[in-house]
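There are structures below to look over.
In what follows, chain A forms one complex with chain B and a second complex with chain C.
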Partner chain A sequence: MTSVAATPATRRLPGDLAIWFFILAEMLAFAVFFATYAFARAKNVEMFNLYQHTLDRNLGGLNTVLLITGSWFVVLAVQAAHRDDTPAISRNILLGWLCGAGFLAVKVIEYSEKFGAGISLSTNTFYMFYISLTFFHFMHVILGMVILTVLWFQSRQGMYGSHGANGLESGAAYWHMVDLLWIVLFPLVYVMR
Partner chain B sequence: MIAALKNPANRAWLVLMVATAITWYLGEVGAAGTGAIVAMLLIAFVKGRLVILDFMELREAPKMWRILLEGWLILVSSLILLAYWISLK
Partner chain C sequence: MQFKSQAVAKPYFIAAIGLFVGQILFGLILGLQYVLGDFLFPAIPFNVARMVHTNLLIVWLLFGFMGGAYYMIPEESETELFSPKLALAMFWIFLVAGALTIVGYLAVPYATLAELTGNNILETMGREFLEQPLPTKLGIVVVALAFLFNITMTVLKGKKTAISLVLLIGLWGLAVFFLFSFYNPVNVVLDKFFWWWTVHLWVEGVWELILGSFLAFVLIKTTGVDREVIEKWLYVIVTLTLITGIIGTGHHYFWIGTPEYWQWWGSIFSALEPIPFFAMTVFAFNMVNRRRREHPNKAAVLWALGTGVMAFLGAGVWGFLHTLAPVNYYTHGSQITAAHGHMAFYGAYAMVNLMMISYAMPILRGRAANSNKSQVLEMWSFWLMTVAIVFITLFLTAAGILQVWLQRVSESPLPFMVVQDKISLFYWMREWAGVAFLIGLIVYITSFFVGGDEKETA
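Presenting the complex of A and B:
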């Protein structure tokens, strides 16, 4: 009855089509940002390398762990919805949210250390990029957490299950994008030299 | 443990953690230059691909979306590589 097909009969895009166009637009904006950073660095390698040394790679690495783990919890929430395990949906969304909160807390520690040392957007080109790139991403984490908050309330009302999980899948896709962007941003700004 | 590894998301999480540790370690030992840059970009590419395929669940999605997102990853890595290559000149 079920012959092993090389391609599934129906290829399905999780969530709503619109969210994927939105994600693509966001990713293109970040691609321009990343490339601008890399080419600006090429013109001023010594300066970028010098000030990159002042960044806290431990905090950056910890934040990578937090975002990836937060993303993983949200995948588990989507999987729970597909098998109608309602309590596991909201539990995993909450755990993903807490990882996001951890990321923001670590970033605030990092920023206060830098701003406390008198560093600002106008200090030099490297810090201008460091602050604007990470802060632009920071705002995306905040939006992701707002989305997770809405999804948590909706999941508590039993909106998601095998009958439908489109809203949850759309929000999850956005949350994974935030993770994906950081996976490029962390090595680029904190480590590569 | 073995049962948990049957879930692609769990496997992806595990690989992502190991890959993050490697990138962090390369920073700790002060790895620099062409080899280090290529290694870090490859790691970022593998990580990004896992997020796209196993977290965003685009493995079984219409091909166009897989190509668009994986294409983004290739585009970004290539531009960074090009800029770093220029900087080494």
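Presenting the complex of A and C:
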């Protein structure tokens, strides 16, 4: 039997340790929220299913595509940094940012339709969760875009490259978290029944 | 002492300890009034004793925070305080205003005090913890602004560190949220809603930043662990505090007439509030275990570890006990709340001030640490007070569980006063634990006057 020499892969945590604590804390908060949603839904499945029908799954799907694409651009930005392709860093960050802006625009269309119909946090428990969860997530998209803006300016100043990309990787990790949360949120609130 | 101007912290610390003694004495009076209803009546009615007990707590903690900031900021900024004279002037103004307020509470009926102090001009009085007359409230604003001006200018002219930045955010937040004490709308729901912006956002928001910053400072000094490591922890703690604490305000909005979604928001976010406190405990122990030197001031290190543990237990665990809306439906405003309040305030804010005083006072008195004899005494006081507060908390928790059961859960609920009689045994035990606390406090004060061989001068 030939033993394959285990090559000690240099596993490295991308980005700063502190951002990972932050991400874990954020995800924990959302996890509790998701669990509470499940708990509340279990007690009132029919009502949740009924009002889930009123949500626009196509817009939700479009937003999913936008966020995943945005994450892809941010991955490209990090890869560009590792091979010192400075123009590609800022270009991809900008494209990622635009995906975020697209997400917000779609969400605003969705909200204006719902709020226009007089739906509020107090309408019923389903809408309370729908609005709370998507709004908290909405705020996180905005924060992610603020971070991307900072990264864009920094990348234009040549801060990132093979010499170091700690800040870029940290921001990218946060942006992926925003994406990941949506990938859980969308099926949970819009689709699953 | 690295900078001469740090010396202004000393009177603040002394005043803090003096007011602390007052707080505990009134606590004992109150505790006795729970079981002997007419004790000291009509000289000191229950509502007045309670007001003095809680107001003295707030004021001594503020003295401690200010003293701590005046001590820490010059050292962090590596420059003399912007204006030591202003700091001393503010000390006397705050002390006199505080003393007059307490005299006012004790000397005249509260309604008369309100009349005398212009409450009809701007009605701010009569609300729990914010009972101070208008002139006192304005005085607090003036003192806070002058204090903030002083330390902000010091930071601006000197080095800017993460620790001083976090402290500044905490202290500015403290001042800003106090402004809501001037907002007293006629609508009781709105009144309560914004009242919590002062009360909750202080103790479960910006004060935690002050706590984290002081803890980080003392840990850097006593353990010699790299500043980068400590700062990273501090960032994590600050973030966790803000994520959980701000919307966590919602756990006060369950039953005051606010929309129902607060029951969900408040439960979810406040359920996460123990996490930053847990992080602080891990932080303190971790840093002490990784220490690079043995600091001669062992008492200060003990307070630092103690505040981590007790804040987590008091604020985190005892807070979580009754923070979920379905639980709080039964426990709201019972002795469970009192149990939580006692351990949380002692563990988080009394202990962090005592830690700061323990670290700074010997240096202010010209030595790196007190004599061994004095430190042993101080550590005795640590254990006496801490164990006493644990028992106060346990007895009040027992009283609270019984109270909730007899008065609210049981199929034939009993009236409030009948239940109070039935749980009086626990009130008696709480009172004796309070006496033990006072003994601990006396030992603590004695430790300042015990000499012996002094360690090397700072």
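FYI, the second predicted complex is superposed on the first by the 184 of 193 C-alpha atoms of A that agree within 3 Å, B and C clash if a C-alpha of one lies under 4 Å from a C-alpha of the other, contacts with A are read in each partner's own complex, and residues count from 1 in each chain.
As a convention for this text, a contact is a pair of C-beta atoms (placed from the backbone, for glycine too) under 8 Å apart; a residue touches a chain by one contact, two chains touch by 3 or more.
What you see is a predicted model; the values in this text were computed from it and never measured.
Asks: Given the alignment on chain A, is it a clash or a fit between chain B and chain C?
Replies: Taken together on chain A, chain C would fit alongside chain B, as the superposition shows.
Asks: Where does A:F22 make contact in the superposed view: on chain B (first), on chain C (second), on both, or on neither?
Replies: second
Asks: Is A:V191 touching anything from chain B or chain C once the two structures are fitted on A? First, second, both or neither.
Replies: Once the two structures are laid over each other on A, A:V191 reaches chain B alone.
Asks: Using the touch definition from the top, say if A:L168 reaches chain B (first), chain C (second), both or neither.
Replies: Neither: A:L168 stays clear of chain B and chain C.
Asks: Between chain C and chain B, which one touches more residues of chain A when both complexes sit on the common chain A?
Replies: The partner making contact with more of chain A's residues is B.
Asks: Applying the document's definition of touch, where does A:L151 land relative to chain B and chain C: first, second, both, or neither?
Replies: So A:L151 meets neither chain B nor chain C here.
Asks: I'd like to know which partner A:L121 touches here: chain B for first, chain C for second, both or neither.
Replies: So A:L121 only meets chain C here.
Asks: A:H176 in the overlay: touching chain B, chain C, both, or neither? Say first, second, both or neither.
Replies: Once the two structures are laid over each other on A, A:H176 reaches chain B alone.
Asks: Can you give the closest approach of chain B to chain C, taken over C-alpha atoms and in whole Å, for the superposition?
Replies: Scanning every C-alpha pair, the shortest chain B to chain C distance is 15 Å.
Asks: Following superposition on chain A, which residues of chain A contact chain B and also contact chain C?
Replies: Comparing the two interfaces on chain A, one with chain B and one with chain C, the shared residues are 28.
Asks: Okay, in this complex, where on chain B does chain A touch?
Replies: Contacts found on chain B: 7, 9-10, 12-13, 16-17, 20-21, 23-24, 26-28, 32, 36-37, 40-41, 43-44, 47-48, 51-52, 54-58, 60-63, 65, 68-69, 72, 75-76, 79-80, 82-84, 86-87.
Asks: In their complex, what parts of chain A are in touch with chain C?
Replies: Contact set of chain A toward chain C: 17-18, 21-22, 25-26, 28-29, 32-33, 36, 40, 121-122, 128-129, 132.
Asks: Help me check something: in the complex, which residues belonging to chain C touch chain A?
Replies: 232, 235-236, 239-240, 243-244, 259-261, 264-265, 267-269, 271-272, 275
Asks: Show me the residue ranges of chain A that touch chain B in the complex, using the header's touch definition.
Replies: By the definition above, chain A touches chain B via 8, 11-14, 20, 24, 27-28, 31, 34-35, 38-39, 41-42, 45, 49, 57-58, 61, 64-65, 68-69, 71-72, 74-76, 78-79, 169, 172-173, 176-177, 179-180, 183-184, 186-188, 190-193.
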